[in-house]
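Following: one structure in structure tokens, then a few remarks.
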Amino acid sequence: MLRCAVVGATGYTGMELIKILLRHSGVAIAALTTRQQESIPVHQLIPNLVCKTDLVIRPYTVQELNQAADVVFLCLPHTEAMESAAQFRRAGKTVIDLSADLRLRDAKTYERWYGEKHTQPVLLKHAVYGLPEVNRKRIAQADLIANPGCYPTAAILALYPLVQQKLVDLESIIIDAKSGVSGAGKKAKASTHFCEVTENFSAYKVNSHQHTPEIEQCLSGAAGRKMRVTFTPHLLPLERGILATVYAKRKPSVSPQRILDAFAKSYKNEPFIRLHPKGSFPSLRHVRYTNYCDLGIEADSRSKQVIVIGAIDNLIKGASGQAVQNMNIRFDFPEEEGLN
Amino acid sequence: MLRCAVVGATGYTGMELIKILLRHSGVAIAALTTRQQESIPVHQLIPNLVCKTDLVIRPYTVQELNQAADVVFLCLPHTEAMESAAQFRRAGKTVIDLSADLRLRDAKTYERWYGEKHTQPVLLKHAVYGLPEVNRKRIAQADLIANPGCYPTAAILALYPLVQQKLVDLESIIIDAKSGVSGAGKKAKASTHFCEVTENFSAYKVNSHQHTPEIEQCLSGAAGRKMRVTFTPHLLPLERGILATVYAKRKPSVSPQRILDAFAKSYKNEPFIRLHPKGSFPSLRHVRYTNYCDLGIEADSRSKQVIVIGAIDNLIKGASGQAVQNMNIRFDFPEEEGLN
Amino acid sequence: MLRCAVVGATGYTGMELIKILLRHSGVAIAALTTRQQESIPVHQLIPNLVCKTDLVIRPYTVQELNQAADVVFLCLPHTEAMESAAQFRRAGKTVIDLSADLRLRDAKTYERWYGEKHTQPVLLKHAVYGLPEVNRKRIAQADLIANPGCYPTAAILALYPLVQQKLVDLESIIIDAKSGVSGAGKKAKASTHFCEVTENFSAYKVNSHQHTPEIEQCLSGAAGRKMRVTFTPHLLPLERGILATVYAKRKPSVSPQRILDAFAKSYKNEPFIRLHPKGSFPSLRHVRYTNYCDLGIEADSRSKQVIVIGAIDNLIKGASGQAVQNMNIRFDFPEEEGLN
Amino acid sequence: MLRCAVVGATGYTGMELIKILLRHSGVAIAALTTRQQESIPVHQLIPNLVCKTDLVIRPYTVQELNQAADVVFLCLPHTEAMESAAQFRRAGKTVIDLSADLRLRDAKTYERWYGEKHTQPVLLKHAVYGLPEVNRKRIAQADLIANPGCYPTAAILALYPLVQQKLVDLESIIIDAKSGVSGAGKKAKASTHFCEVTENFSAYKVNSHQHTPEIEQCLSGAAGRKMRVTFTPHLLPLERGILATVYAKRKPSVSPQRILDAFAKSYKNEPFIRLHPKGSFPSLRHVRYTNYCDLGIEADSRSKQVIVIGAIDNLIKGASGQAVQNMNIRFDFPEEEGLN
């Protein structure tokens, strides 16, 4: 049994991770940590957890964790995760970091978008971006995996075949994305107050969301050249899910059918990508509580725009499910283990 | 007192219209009609109506209506409205039609997008498109006003200065719009069942929504040439409001400031347009139960895309409020009468 | 023009009060206060306010307030309100306090249920409980009005005729009440996080809610003897409204018709009570954004229980609307002024 | 492998049943039926079903079903279920009926409350009421199981120890219950339109809900004498869950502790009852997507009322989960199989 630790287990991604790991036949949960002083039984944090469990979330010392676990999932706020990752790497642990700290290869870019000093720039060279559909081979070898952001997961999966196969004008890419409130985390804020959210909808961080460089870095890699995207996030009055509607101008020489073929071929063997048939499009209900990314493609629009709609559960494929998918790849478990 | 009739008063737009007309100091509600056999007291249909009223919705003969009213608002399903409009025009009434029947100047286009025969093509020549910010002078003279659709109102108001002043690439226009459920009407359908909508979000009629030609017709008029747009509607899990996020590529010669100036100048005297200051963007809560269209503009994006976000209440500025605004213009009432 | 000040104008009840006072033809808003350092334009706090206003909420000195206003509405947290009330009473102002501080006649009871010292017990003798349907005559003379809590308003109005006319067993009274989230105030808390509330429902403070003694005090007054009630509040996943379902055992000698007659007679001239016809019951939608209390009565149940369902908007009839109703009574305005 | 058929598989309870049976290690789904002409792949009906399945819902002949299945679950509208049950019993199948048709022992009572003729009164003698916590032994022997209604499940489980052990005044029982919208079924109706439900709350069928005699029959059995209850159902603006707040007057001779002990003892070995510790109460979030019934008890209220709050998922413990629990008991599977 692979021994797993979840560091920072009381937030939304930590809670989802616990639920998934409890269903996984090849792992044991070795430690669940919190910085709060009192310990919290898992069944109290997640009361509708039907699997009986006696697990308790409590403070741990680094030494305890190093003895207890083989793989460490970091569900920490950004800036805290980088320090923690360095520490566990030094102890030889495999680290899967769910924060944003290790996703950008360039510390300067991180500092510009996150407004914080990056104290572990050396780690950035070793971290592998954990998007299996793009990076599966490298993930299988990685000891430091930077688990993608929720918006980037949905956006990149909706765009990757188009960009990598150069089927669209790279200057034309627009990502209009809509997220549920759990994406904002568990902490109470004015912006997550029920009365502020219900019967409301708005864009936020227009042209300035910190997931922008992560999307651009991954797509630039696919395109083989630097590229920029327009990314507008919106807040939906619902709990979980991201739906990204992406637009890209089809190149004149590329037929609509070739677009469809590109998706079919790229994602043929992907266990967690579901392509909708022509004329059908994803709904958040189709993906919630699953690790699927559903994609619907309109390649033949009146205006030559290719429209791709991607839907994920932001806490599963957009966070904890994908983290386990990465662990499965790294430790040679069946890729779907624990995820259905 | 101007005597008003609302034909088809039991649906969502009819109900909103009644509420607005009751607040209007210059009109009397002369008739409220339904095809159902039993009559319905207004205070039963709209129980939180605080203004006391004894008005009753009931079946009327055409003759009764012709005697009772000076202006007729049609809140009928499409195809029914065109017949009714013809009839009331023959009787010399001013007609404000809230359906889609008279919005498109070309009957063929109507038939292609609505899948129905247009039986009154002659009316299309006389109908004036009732978007005050674009057509105020013609509305003031009109006896047949085609009140705009909800999506077109939000989309056109967000794009008009850009297109009319040719500040953007006309081939690049994308409208990503999100609407509350009341836009689908009051009739119970599988798609409006609470359990289908709550905690869900999806696109629908991708590349094929019937409001597309209406948007294109109005913008083509502004551009002075035929143009096409990409329009993707989505369904929000909330009752009322449309938020349209529109994208258009800024021309290389046009500065971001010039974009902002264009909006400021175009809408300077508009009583129902509110421009957000730079960096601020509308929310549906800001506009619900009002006739405002709020606009937020990002002119200086990293990717040269101009992003404009427009928000309206789909039942007010997107329907009944705008119908009354049109009536006010036509009959020389203060434009805001009844609307605040 | 009566000059009004709202002290603590940035919370939910303050915001509602501003909206109502702006519609009131007999008053001028003389001051809107906050303890925060920066001032806030009202149209920023309430962006869908259609009436144009240049009012600004800002810090005031007591002296400024005493010069500016004739009547002072206190929208302060409990314990702060009592000090403030004392101060404004000393300056001769009429005070309408929306907090709980002056509702209970007995300081000891206050201290037991609110867990705080009562520093102004003398005020309690002078304060008049501001429930117009019960206390209208005394309100008309009062200079210190304790505006009722939201739950007590709904519960007492549903029970008053039964208790006062001794039609039911006073030992049998049960109040099962359900409130929207705005009742918990504007401050962000774990319990008001959207993800905690949506698709959820639960009871809270079972047998221990601080509104219990307020209900009991008012009903005991009506009964002419001390009585106790069972009161269970629940939290609804919606923004505004309280629906109270109350149960009381009909006395054997009392016919169902006599129950209905008692309500009809008690509330015959009440402008803000609407009795549903037999077999029909209130919905929160019927009352939201209004000052109405809707009541539906089932007097003839199989089990001899009288069931009364009362519905109000917790921020209007349950707070700010009732405060203005009280002001109207006190200053001899038409009772409905500003409230429809 | 036990071969199961689900008759009427396209509604909400059918869909839940499919999901549960797919997780059950001891059964095979032998047939899923619909009366609609076209067949529907299960993964289309339930798109977020992660377990891959090729199952198809289609019309079946009775003969086909009799050959295919050992146990038949009926997810049919009432009045249809009784005919179907008779047919499958004649063929020797074990029948678990999720409708109301076989729950009441007296055909006359059925006819009075459901307003329909009962055509199979003979079956009523053989049907066993499938509430495991009350009837486990008889269920283990039954070939015709009447699966309880959702409201009765929550209400009876909250009241059973009190009534059976005669700890409360049997004349005093009040059930104030609140249900999510899925309880109203999948069919589109005015009352389930999103715009009607969101931000709304109301009681319905006050004193006249058809689940009343089912509750009374079961509790009368426990009490050993005929008794009546007051039952008020309400509609919550959420998808799934029932929370029942029940009230009963504690007998003077019974101590609060004895009440708590009665629950502890009655439900000691129940795998799907979870008792909250003193002072803590259930939430719908705690039980949704589970077969649990959570109970919180306030035995020591100021007014001698015992307050018990019971929460279930109306589609699981209130319908399909309980049906599988019954099957497990009947066919000697572990009682929790498929249910966690």
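We just call them A, B, C and D in the order they show up, numbering each chain from 1.
The working rule: a residue touches a chain if its C-beta (ideal position, glycine included) is under 8 Å from a C-beta of that chain, and two chains touch if they have at least 3 such contacts.
All values reported here derive from a predicted model rather than from experimental measurement.
Ranking A-D and B-D by contacting C-beta pairs places B-D first.
Listed options A-C, A-B or B-C contain a single repeat of the C-D interface, assigned here to A-B, on the basis that more than half of the contact pairs agree by residue number. Mean C-alpha positions place chain A and chain D at a centre distance of 39 Å.
For the pair chain B and chain D, the distance between C-alpha centroids works out to 47 Å. In chain C, the residues that touch at least two other chains are 196, 198-199, 237-239, 283, 285, 288. Contact residues of chain B toward chain C in the complex are 47-48, 50-52, 198-199, 283, 285-292, 294, 339-340.
Across the complex, chain C meets chain A through its residues 12, 181-182, 186, 188-190, 192-199, 237-239. The part of chain A that touches chain B in the complex is made up of residues 171-174, 176, 178, 196, 198-204, 206-207, 212, 228-230, 232, 234, 236-241, 243, 245, 247, 249, 281-285, 288, 296, 298, 300-305, 307, 309, 311.
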